[in-house]
Amino acid sequence: MIEDNDIILKQAARVLTPFILIYGIYITFHGHLTPGGGFSGGTVIASSLILNRISSGNHGSGPEIDRMMGIASIALVCYGLIKAMGTFFPDFTHRVLPRGIPGDLLSGGAILPLNIAVGFVVACVMYIFFCLIGEEA
Amino acid sequence: METVRNFPVLIIYIFFIGSFIQPLVRNVRISLLLTVAISAVSSAASAAVVYYVRTNGDFLFDVAPWSAPWGIELSIGTLEAFVIAVICSVGTLISIYGIGMVEKEIPARNIKIYNALFLALLGSMTGIAATGDIFNMYVFIEITSITACGIISVKDDKKSIEATVKYLVYSSLASGCILLAIALLYGITGNLNIRYIHHHLTEVMYLYPRNVLLASCLIIVGFGLKAAMFPLHFWLPDAHSSAPTTSSAVLSALVLKAYSVGLIKILTGVFGIVVMSLLPLKTILMYLGSGAVLIGSLLAMTQSRIKRMLAYSSVVQMGYIFLALSLFNRTGFTGALFQILNHALTKTLLFLSAGNIKYYTGKESIEQLKGIGYRMPVTMAVFSVGALSMVGLPMTSGFNSKWYIGYGAIEAGKIGVLIVIVISSLLNAAYYLPVVVSAFFRRPSPGDEIQQPVNLPWFTSVPMIVMAVLIIVLGLYPDPVINFISGAAKIF
Amino acid sequence: MEKTMWLIYLPVLLPVLGLVLMIRASKKYILMERVFSITSAVLVFIINVGVIYWVSKGYTVSVPPLKVNNFLQIHFQVDRLGALFAFLASLMWIFVTVYSFGYMRGHAKQLRYFAFFTVCLGITMGIAYSANLFTLYIFYELLTVATYPLVVHKEDKKALDAGKKYLIYSFSGAALILIGMILVYASTGTLDFVPGGGTAFRGALPMGVPVAAYFVLFFVGFGVKSALVPLHSWLPAAMVAPTPVSALLHAVAVVKAGVFSMTRAVYYVFGPEAIKGFNAYFVYIVAFSILFGSVLAIGQTNLKRRLAYSTISQLGYVLLGVLLVNSRGYTGGVLHIVNHGLIKIVLFLCAGAIITRTGKTEINQLKGIGKQMPVTMGIFALASVCLVGIPPTNGFVSKWYLSLGSLDAGQPLLVAVLLLSALLTAAYLFPIVGIAFFTKGDREIQGVEEAPRSMLYPLVALAFLMLASGAFADRIIDFLAGGLEEAF
Amino acid sequence: MSSVVHLANNYIYIASFTLFLIGFSILLLNSNLIKKIIGMNIMDTSVFLLFISQGYIKGRKAPILEGGGSVNPAEYVNPVPSALILTGIVVAVSVTAFLLALTVKLYNLYGTVDMDEIIEIRRSVDGNS
């Protein structure tokens, strides 16, 4: 149903998506330094995915949802495991994920991987929501 | 032996990581078996925790590397260990039953999601019981409400979606009240750990009497709404009767209990006996409990469909727990905890057999159940054991919990409560026995002649028979359980 | 002296075992349920003979208590009263089981009938052997649950309504006893049966509640099952059940359990001294029940309902003896349990024989039945004579002790009540005998022949037993006398 | 007079309680689902407002470290409530999302978003079904 005269939309989307993605990733990775983190970063990433989906037409999303669900649950499992590491083997996390110097990227100990996992989860779930509700309409 | 100290947290992790893995599992049968495996492992772990608490008493466990006032700590006492054991073991039995029945009621595409929600629900209920930090308890309460609504709406038909919306609206009301109460308590005492709040509260109580009163009322309303305390129970019949069998069993047997345990933990932990005796809690709980027990039974009598009747009878049984709590003495408290175990077993048994009847014969209303005892002998035999336990026949666990609550009432000098309990067990007989009578002693209506008896697959009948045997064993010899529980009642 | 005898558990658990075997086995062979029920009845009787032998030697046979929770225990202990009741019930159970072989031929659902019939035997033994109020309460409630399937055996509308009424009465009675039991435990700290009653009841009770209030709870609770007048209406309604059920349960097991538990409550929980102060009121209620039962019996046209009302009034005799709270009244009351049990079971079995042969239940339809069924009607006449209490028979012995007891208690009015009710008993039994023998038989009755042999032999045996209990009444009285001094 | 002063310096409590009651009554009494969801969000925000206001200390800065210098807790406002409210917000968002998804499904099934109409339709369907 998307005729070819929507070239402008497609081109704009192709140009904008990388910048939105980088911005989202920046927010996720700097969660422990600047405001933001997993949740807000994830939503920004999701918005780029959704932009891409709209611009390239609302084609069938069955397999896509399952793939996204898979990614989300893998990310959740990693989140759970890292948390479990923190609880059961406290000294282990210090050795693997150093506290580092406050202020630079790797300083947050376990917070960084957790933020990344949460970012993935939120992005995938938001995208799945959009596909489901988009499909219904 | 020290590794048992981090078992409670392990149980919560296992449940949640298990529920995250569910969507990745390929086919439906593996995901059902995974649920059973995970709940079995965690019930074994909870048994170890019970044994540990029995030998070396209560213990605290810091989840995060920081110690108590900042980090979240789990305070595992006799009450918590007992409730976690009940949740995990009854959850395992329900999930074993689920292997056979879930595919028949829930559309295939939703089964993996259902299993994920089921495990997350068990995990968050264990969290409510185990945690020593009220904000952490609030988060677990929220997870429980969302997952509980999830497993109702997973059935995807008109009635269940509508019931879920109603349930979710009521439970978000209750969560708002609970969070407001937590905000007030945090405002006065300055920290969230139950022990520290209790410590500061006794000092600061006289400075902010209104805050404490308002916080306690909000907590009673919040938890009462969630645990279907008498006047706030209107969402329960729709939610429990339109849900699939296994989820209505989990809902009324475990979810209501988790919220009432949360209420007990906050009332005894945060407020403590001194503050509680100042607030008019005794009279409130007693009148609400008596109302639930009497009027709930009358409502249950008027129902024509089995599941709605069982839902109303859950309101009655929760009324017993609140009635026992209102006595404020050791025997009453033991009675309340034993009633939690007894109702969890009996109500699960009744809901599962009602589900069986609905699936194998498609019958839902009580009049259609004439002569079904001969068509489904195992299910109806097990159902009558559960019904007799609800009525409080001496050989069943129902009698013991009524005995303890009644005797506690006498010790507290309230003969009225004993009379209320006995009248309500008569009323229970009035709506449970007709079902059993019409199942075994009435000839089936000419329409549906009896085909040969239905034999159930093993995983459907085994959990039900195990529960029936447990009810009778707990009726005959509840002593080890009761000695363990009365350890928790030392606070009174 | 204490004598532990593990065999006591057998009578209580055996019927449950029999039940399970019956359900499994009978799918293959039809007669299996009959074999099981008769073997368990005989086995239980043999054990009871052993028990009564030891008890008459002065021992109390008992078993170590099972701990239910730290308040309650299940404890079996057989003293003189319990041994007598158990012996009587198990003896009659054998005959009625044989009788019901004949009666139930051709009826539906025989497996369920015989299964629950045997379970009721176990539960009655449980009541007889119980050593504390809690064990008695367990079997008291289980008796209601186990007898219900027998009462509603026909599964028609009338039977189910009668069953509903039976359940409502019994469960409300049991609820009162539960309240009483918890109150008794709260105030005295123990539920065990102590001959001569708990010492706490003699003085004031901690809660300031008068002893009479406690006793009213037990009086009404047990009164339901012993068919006291205001609470009696379930008994005639339960006559819908097949005759062996109404014979055994409503003449021996159920109602006698009610009266037996009342005796336990009066003599082993409260004790005679505690009751002495206010027993006059209860005695008058019981007297009223005696008269009212007999008057109603006269008005009944249905044979079984008439016998049911006569049971109500005869149970009044037993309660009268028990509540007089003196040794002769006690002996008279307990003796009447034995005598009335034997007489009433014979009457019911004759009625059953008549119903199986003629299918008629109304008394005026039985004109001239005596000529057709001479043996059955002859035994019926004999039993009526015993029930009225004409001197040489066993009925007379217990009425004699009851009147002596009421004189000891200084209540001459009661003797008048006893005599009047003997007259009324004659008024509702002898017309039946008259119709049977001395009126011309109408056509349907002509072709009827004698009751089938499997029903006749137990009938004749029970008739002999009835006469024997009259002749050897003194043996029973000496047996009871042994237990009297602790009770008073 | 003292009550006015009392009210003056407790304005936070008054604001959050009024907001709470507004949200509570909308959520409870309104029959339109979307309005219920809006009411729920008002209620949650009022509780978050009260929670965060508990942590505020007059004359102190927001708890954000610049450049990782030495941390003197006396300069900063109590950070704990704001951290908790992050979780609170996430919880409120997920409940709202779930309710919205259910409303969409209900709209498809019943064609209306008004709870009273839905109950009528179900009762009429149940009545004759």
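Per-chain numbering from 1; labels A, B, C and D assigned in written order.
Going forward, a contact is a pair of C-beta atoms (placed from the backbone, for glycine too) under 8 Å apart; a residue touches a chain by one contact, two chains touch by 3 or more.
Please read all numbers here as calculations on a predicted model, not as lab measurements.
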{"item": "Any chain in contact with chain B as well as chain D", "value": "A"}
{"item": "From chain D, the most remote chain by mean C-alpha position", "value": "C"}
{"item": "B-C against A-B, pair bridged by the larger set of C-beta contacts", "value": "B-C"}
{"item": "Chain centre separation (chain B, chain C; CA means) in Å", "value": "44"}
{"item": "Averaged-CA centre spacing for the pair chain C and chain A, given as whole angstrom", "value": "80"}
{"item": "Between chain A and chain B, centroid-to-centroid distance (C-alpha), Å", "value": "37"}
{"item": "Centre distance in Å when chain A and chain D are each reduced to the mean of their C-alpha atoms", "value": "26"}
{"item": "Contacting chain pairs - touch in the sense defined above", "value": "A-B, A-D, B-C, B-D"}
{"item": "Residues of chain C that touch chain B when the two form their complex", "value": "66-72, 74, 134, 137-138, 141-142, 145, 148-149, 152, 155, 160, 163-164, 167, 171-172, 175-176, 178-179, 182-183, 185-186, 207"}
{"item": "Chain D-facing residues of chain B, complex", "value": "135, 139, 142, 145-146, 149-150, 153, 156, 158-159, 161-162, 164-166, 168-169, 172-173, 175-176, 179-180, 182-184, 186-187, 192"}
{"item": "Residues of chain A defined as touching chain D within the complex", "value": "35, 39, 101-103, 129, 132-133, 136"}
{"item": "Parts of chain B lying in touch with chain C, wherever the complex brings them together", "value": "388, 391, 393-395, 400, 402-404, 406-407, 410-411, 413, 415, 418-419, 422-423, 425-426, 429, 433, 437, 440-443, 476-479, 482-483"}
{"item": "Chain D to chain A touching residues, read off their complex", "value": "64-65, 67-68, 90, 97, 101, 104, 108"}
